[in-house]
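Each of the two complexes below includes chain A, the first together with chain B, the second together with chain C.
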Partner chain A sequence: MLEAFKKPSFYIALILIIVFGIIGGLGQANIGSAQLVANGMDLMMWIGLGLAMAVIMSYAGYVSFGHSVFIGLGSFASAYLIAYKYSDYLIKVKMAHGGVLPAGTTIKFFIMALLLASVFAVVTAALVGYAVLRLRGAFFAIATIGLNYVVLYLVIFYLNNYIHSLEGLELGNPSMGLTNINFYWMHYVIFIITILVAYYVRVSKIGYGLAAIREDEDAAEIAGVDTFKYKLIAFIIAGWLASLWGVAKEFRGSFVATDDFNLLYSVIMILENAIGGIGSFTGPIIGSFVYYPLKWYTQTIAGVFALVILGILIILVVTFTPEGVVGILRRKYPRLRKYLE
Partner chain B sequence: MAVDGYILRLENVTKRFGGLLALDHVTFSVKHREIMGLIGPNGAGKTTLFNVISGVYKPEEGRVIFKNTDITGWKPHKIARLGIARTHQIVRPFGDLTVLENAMIGALFGKRSDEITEEEARKIAEEVLDYVGLGEKKDLPARVLNVQEKKRLELARALSAEPELLLLDEVLAGLTPTEVENMITLLRRIRAEKNITIIMIEHVMHAVMNLADRIVVLHFGRKIAEGTPEEVANNPEVITAYLGDPALALRFVKKFRSGVA
Partner chain C sequence: MAQAILEVQDLKSGYGETQILFGVSFRVEKGTITSILGPNGAGKSTTLWTIMSVVKPWGGSVKLEGQDVTYLPTHKKVHLGMILVPEGRRLWPELTVEENLRLAALIPRAREVAEQNLELVYNLFPRLKERRNQLAGTLSGGEQQMLAIARGLMSNPEILMLDEPSLGLAPKLVQEIAGIVKRLRDEENKTILLVEQNIHISLTISDYAYILENGKIALEGTPAELEANPRVKQAYLGL
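This part shows the complex of A and B:
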């Protein structure tokens, strides 16, 4: 297993982990700008979400259009714990400590949220994957969109009827008194988990099996790949990783459990993989570095037209560079291939 | 190997596609380390038979027994791991992956899939690629290979699985005469050097007459003959159904027996 992390293709992952660590360190020491910390956090999330999607879409060739459901489940898990179940308790602890939640309590609840999110995501992915991974191509994509809405409405139903929260959408924010740099480190922990897992899946035996499935599923099965098991593993890992980012979003945001079921997140994750190139670990990373600055500038400059620009970008990518940045690099510079896993 | 010396036994294998009887109670056995030729006109059911053996189709009737294990209805990946590998009549490379990765997948998920490490798989794949003459091309994406090379890649992926039974579906089709001769030489080597049983579907008559120890002839899903190449080539029913001109058929036999082909 350790061999996987000694390959040249791990360099890019390692560089990212170090660079984002340095940005965090600067922020912690109050040297870097607040903007850098905020942007760093965003970028980690987009890379992380792109990689979560990559495990099923890019590695295995199954586009999970409703993948936002897993972000939503992670959000719901955190909101349920922080803003509902332990809300009173957290407020009490906060009062007792002069309005600031002790680090130990924060970390404990962060971990609890990650665990609950993981349980929700893994159980959902396993049950649903078992049913829908028999479908191929567009049918699979459509089934996952259905899944997104089914789970969203179950969550809304639950909030409405059992928690009686405001319009069933929002849980009161206990305001944990955390600052951006706290959120940054939370993002960083999830970032490292995502990078290591997504990388390992790509370069391990599972990665070979998934690549074979993506290229020709029937031939893969005949060559001895347990295609159904591998697809299920990929779907569970992809869903699990996305759910962790739901937790990050909720801690940083405001515990609105239902916002994150937005299909737009799926679209962006898919776009990142399409820009970067299907089939690789580096693809969605490069895709995020293209997408995020574009999104940031267009949002600042173009406001509501940012979505129009996003749409145009999708059309351009699909039309002109179906092989993506990594595909082009690999074709033009075959020697780079060993770095671009 | 089975106690009785047979590695594969088909009993009354029957497969229907709607109203079409693609395989009609086909029964025959393949001995350990022999080369069995499978011939017959287009649409006779040859590929379908491979699909039944490798688990792609479940037969409506009959049984497939590999080394005393009834594998009828097993999933393809389980059958592959038991030691049956095959090539595809219409080549199916994993186009985006390199030639080496294609062969490695054969090794990683083949007979020794439970224990094999990536390093071992790489070594086996490299050896096999050299063996089939693709060593130089190992870092190219499989998609850029030409037809002959893709056929060799099919063979490499199957051999990398270290199978006991190899099913070859028209590996000679679409090749130039020189390429056919090279491939025949390669198959001879495999048979001489590897502990492997082969069933080969082939329309290139002189090749199959030449390589096979025994031949089974299918016609409209039925087995119409089985025997040595000479017996089959002299069988009147086979001549009418498939070989056409009896004189031509006999020439094949003479040609390979005198070692010309």
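This part shows the complex of A and C:
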């Protein structure tokens, strides 16, 4: 297993981990501006979500259009714990400590939220994957869109009938009393998990099997790949990773349970993979570095027209560079292949 | 009778409501080349896909070395050494030649002998060695067929099933591929099931052959017997 992390293609992963570590360090030492820290967090999240999607879409060739459901499940898990189940307890602890939650409590609840999100995501992905991964191509994509709404309305039904909160769990939302840099390190932990898992899946035996499925599923089957099992593993991992980012979003934002079941997130994750190049680990990373600055500037300059620009970008990418940035680089510079896994 | 590696009895299957195979029976003995020949649409490819469970069998049996494997899932059959080189090659075009080969050797039975098998296929197909870092999709038709066969060998087959390896190739390349199939039997002691429309070339290298028509075996015999049969002469050999 360690072999995988000694390949040259791991350099890019390592560089990212170091760079975002340095940004965090600058923020911690009050050298980096608040803006730098905020942008760093956003970028980590977009890279992380892009990689989560990559495991199923880019590695295995199955577009999970409703993948936002897993971000939503992560959000719901954290909101449930913090704004409902342990809300009173947290407020009491906060009072006892002069209005600030002790770091230990925050970390404990962060880990609890990650675990609960993981359970939700893995169970959902396993059940749903078992049912729909026998479908191919467009049918799978459509089924996952359905999944997103089914789970969203189940959550809303649960909230309305059992917790009596209409849209979410914003009531009793205890601010976790964290500074920006604390959020940054939370993102960073999830970022490292995502990078290591996504990279390992790509270069391991599973990654090769998934590549075979993506290229020609029948051929993979007659080459001895248990295609159904591999697809299911990929879908579970992709869902699990996305759910962790749902937790990060909630801790940083507010604990509203239903915010993140938004197909726009799926579109962006798909776009990042399409820009960067299908089939690679580096693809969605490059895709995020293209998408995020563009989004940031267009939002600043153009406001609501940012979405128009996003739409145009999708059309351009699909029309002119179906193989993506990594695809082009690999074709033009075969020597780069070993770095661009 | 020598030991049969593969024994197919009364195999029936089809797509949806349409039955294609109406009880196909044949056997393949160890270390031989056995051919299934016949016109387009006779059910040759369907026979192979059914043997491999990609098309679900409706009835009949498939035995590998005496063991009933009819309804095992495809990947389990592959793990037992039933290796199909499909028609139209079905390579992974965006992967390199060597990645295609190594992927085929990931199954348990092939993993430990992967290096030996890699040496074997590079020996048989020196051109693949020259092109090992090239994407499979950029190879010529003949090279792609070689890679498809090489990929089959990387899976360390008990029985290697070749579906129309001559399809779409120039006559000279067909001869070359036939020579390699013959070498696999003579030098490597492989067992081969060859499915072909090109009856001429198949009969020159086969030990035994079956003729499939309308989803049933119509005739069988050694190449000499079949070549002497007036019906075969008239319908297939154009004599």
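Definition applied: the second predicted complex is superposed on the first by the 334 of 341 C-alpha atoms of A that agree within 3 Å, B and C clash if a C-alpha of one lies under 4 Å from a C-alpha of the other, contacts with A are read in each partner's own complex, and residues count from 1 in each chain.
Quick note on the criterion: contacts are C-beta pairs under 8 Å (C-beta built on N, C-alpha and C of every residue); 3 or more make two chains touch, one makes a residue touch a chain.
Quick caveat: nothing in here was measured; it's all calculated off a predicted structure.
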| item | value |
| --- | --- |
| Superposed partners chain B and chain C on chain A - clash or fit | clash |
| Partner chain(s) touched by A:Pro334 [first = chain B, second = chain C, both, neither] | both |
| Touching partner for A:Asp88 - first (chain B), second (chain C), both, neither | neither |
| Partner contacting more residues of chain A (chain B vs chain C) | B |
| Contacts of A:Glu221 with chain B and chain C, given as first, second, both or neither | both |
| Shared chain A surface residues [contacts with chain B and with chain C] | 205, 208-209, 211-212, 215-216, 218-219, 221-227, 279, 334 |
| Chain B partner contacts - residues on chain A that touch it in the complex | 3, 204-205, 208-209, 211-212, 214-216, 218-227, 279, 334, 337 |
| Residue numbers on chain B that touch chain A, as the complex places them | 54-56, 75-77, 80-81, 85-86, 88, 92-97, 101, 104-106, 108-110, 113, 118-119, 139, 157, 161 |
| For the chain A and chain C complex, residues of the former touching the latter | 205, 208-209, 211-212, 215-216, 218-219, 221-227, 279, 334 |
| Touching residues on chain C, where the partner in the complex is chain A | 52, 54, 73-75, 78-79, 83-84, 86, 90-95, 99, 102-104, 106-107, 133, 151, 155 |
